[in-house]
Structure formats: C-alpha cells, structure tokens
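Each chain gets a letter, A, B and C, in the order it is written, and its residues are counted from 1.
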Amino acid sequence: MKILTEEFLIETKGNCDIIDITVNLRTLLKESKLSQGNCTAFVVGSTAGISTIEYEPGLLKDIPEVLEQIAPTYKKYFHNETWGDGNGHSHVRSFIIKTSLTIPFKNGELLLGTWQQIILIDFDNRPRSRRIVAQFIGE
Amino acid sequence: MKILTEEFLIETKGNCDIIDITVNLRTLLKESKLSQGNCTAFVVGSTAGISTIEYEPGLLKDIPEVLEQIAPTYKKYFHNETWGDGNGHSHVRSFIIKTSLTIPFKNGELLLGTWQQIILIDFDNRPRSRRIVAQFIGE
Amino acid sequence: MKILTEEFLIETKGNCDIIDITVNLRTLLKESKLSQGNCTAFVVGSTAGISTIEYEPGLLKDIPEVLEQIAPTYKKYFHNETWGDGNGHSHVRSFIIKTSLTIPFKNGELLLGTWQQIILIDFDNRPRSRRIVAQFIGE
C-alpha cells in the first residue's frame, strides 16, 4: 500500500466553466504505477466543485442554467453585502456540489463509464487558477 | 492494510428508482474479513447517483418530487437537442448528487445510523442495469 | 500505512445550524501523528450533511435561504404524513448534500484553502447531538 499526493493547476474562466480533468488524473495514475486503489480529487477553495458528467457541449450549457435556478447570480446574498465581491452564489453552489470526489481504480484504470468524465466546475465570477489535489491510495 | 475492489449489478426501473444497497455492501464487507477501514460505493455512468437516506416509502416519493423542481424532466435541455434521448434532466441530477460515497466501518460494521441506508438512485428515463463498484480499504 | 477511526459529538440547534468542525479534525490529525493521507468526515444519521464553506456570518444566512427554495420546510411531504415529525425537508436536504466528505492531508496538514472550512450542517427541525466519525488513513 502506498500514498501519493500530487497537485496540478487548472486555469478557468469562472462563471460555471466546466473543465474535464480526467486526463490529468489518468496521467498521474499511470506515473504512480499503482494498480488497485482510489483517487481523491479535491479542489482547494470555497467557490468551485468536483463531480462527474458526460463531457459534451449540451450539458456544458444545461448545468449552468440549472445552477442559475438553484442559486441565482443576482439574488440578494448576505455574503455580498459584507464582502462586496458579488460571488455569494458561487459559495452556495460550491457548498452544494462539494469540493471532493473519490474514484476507484483497478488494473491501473479509473473505473469510470465510457461517457463519464471527472470535471472541475468553477463557480466564481471571474477567471481563477485552481489547485487540484489528486491523492492516490493503493497498491 | 488490504484493498478489495468488488462489483455488483443492480437492475433499476429508472425514473428516480431508489434502491437500498446497504445489504449488498454489508455482505461484501463480511466476506472481506476486514475490521476497520472504509468502503467507497461508486456507480459507473453519468445518469445515476449514490447517497444515504432513511429508506422508507414516503421519502421514495418526496425525493423525486424535489428533484423534479430542481431539474425538471420537460425543461428544454441542450443535451436533448443533440442526443435526442430525452434524459438531459438525468445527467444534471447525477452531476448534483454525484456518483461516489465513502462510508467508514469499524469492528466489521458500516458506521451508519439505525435509520440511514446507502442508496443507488437511477435518474435515467428508462430501466437500466447498473454496475456498482464497492471498494474496501482497511485492515 | 495506518487507520484511525475516531468519533466526537457536536451539539446543534437544528434548523440549518452550520458548525465549523475543522478544528476538531485538525486536533485529531495532530494526535494521530500521521503525515500524509486522507480524512473522511461522516455524520451518522439521515438529516444532516458535511461539506466545505468559507465560514463567515453572511453565508450562514444565505445557505439556509437557498435550501428553503430547494426543499421548503412547509411543502407537503409524504414522509411527514407517515411519521408526523415534520422533518421531511431535513431528509431531502441530507440526501442532496450527503453525509460524507474526504479531505486529503500532507505534511500533517489538511489541504484546505485559507477560506475553506469543513462544516456540519444540521437539517433537522430540532436541536440534536450529532456523532461525527473522523477516519484517518495514511502514513
């Protein structure tokens, strides 16, 4: 059993920019030489999230639309009154989607479906450089 | 420390069918002979989710109703325009609920509450056969 | 590699009371003497959740407001008709936010952002004493 804790940076445009990070995680998994275990993908910060989706252009537009219903950008947020940064909705969305995801792997491969990719979504209202922690535990 | 990566299939009716998979995970945990560690339950695919609920008939009706408000079945989805499979809402719901859950165990028992079960929810708009990965890490 | 499975209690006021449990987890991590690995925080029960937020007073009011839109307290719930405890909304919110979160650590420190805290949120409609499982796997 071995643990490897890696990090990489992803540049985003903010505003629900959704970025496929599967290839980043796959590359690190190959380099780790691990065969069986799991990978925890964690985004540092409180205005982003990690999940899985079928990475296709339609959903990249549908997901921001639904999030706009759940936690609208222009709703009155107490967070914005205090901090003036206008990203109250970004914080609430990150709370809901959460910043961590654990994916099992076996025979050196993440056990994802064919149409299932691991994504970073940046809820902030401006471009950001995001630190992703990719931690592999296995053998 | 040991890792075991198991899989099982669950037949669902789709359309927010919610299935208690606690007994499946408990059985695999017993067979593993592990005493302390955690279990990651992961559903392969991009139109399902894993979470915990009190598994009782009322909530099996309440949860689909709330999801229908969050990501309505008959909203216009760009995903549906491209793919014509009518399950845009299923993809968005899976993105929100997510496909992975990690549950600790000790003394050979999952550390759940009495009224807390681990469930698979199938958001797709048709019956599906779902692959669940159950990965145990522990000693 | 070592596993430690600890527990602690948190008294809440219910009704979307949000409590910062980062210091509890940090203290247990220090005591564990582990340097690298991850911590799974899990709340026992089906009416609470674990996530990360920037722990500041504005968001402590914004998050309950958004949850009230997603799963309103006074909606008709089948759960309430059967059980008469009036906390159908609490169960649905726990299903969405989920009861588990895994956070990586390295050099003995949780890899959180400066403005990112780990929180327990209690969705129940009355004060509760909550059991939090904190499980550390690492070396």
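Annotations
The rule is simple: a residue touches a chain if its C-beta (ideal position, glycine included) is under 8 Å from a C-beta of that chain, and two chains touch if they have at least 3 such contacts.
The shown structure was predicted, so the numbers you read here are calculated from the model rather than taken from an experiment.
Residues touching across the chain A-chain C interface largely differ between the two copies, under half of the numbers being common to both.
Simply put, chain B must spin 120° to overlay its Cα atoms on chain C, rounded in steps of 5. Here the CA centre of chain A is 19 Å from the CA centre of chain C.
In chain C, the residues that touch at least two other chains are 1, 70, 96, 98, 102, 137. Residue ranges of chain C in contact with chain A, taken from their complex: 1, 36-38, 51-54, 56-59, 61-63, 66, 69-70, 96-98, 101-104, 106, 111-113, 115-116, 137-139. Against chain A, in their complex, chain B makes its touches with residues 1, 3, 5, 40, 42, 44-46, 70-71, 77-83, 88, 91-92, 94-96, 98-100, 102, 133, 135, 137.
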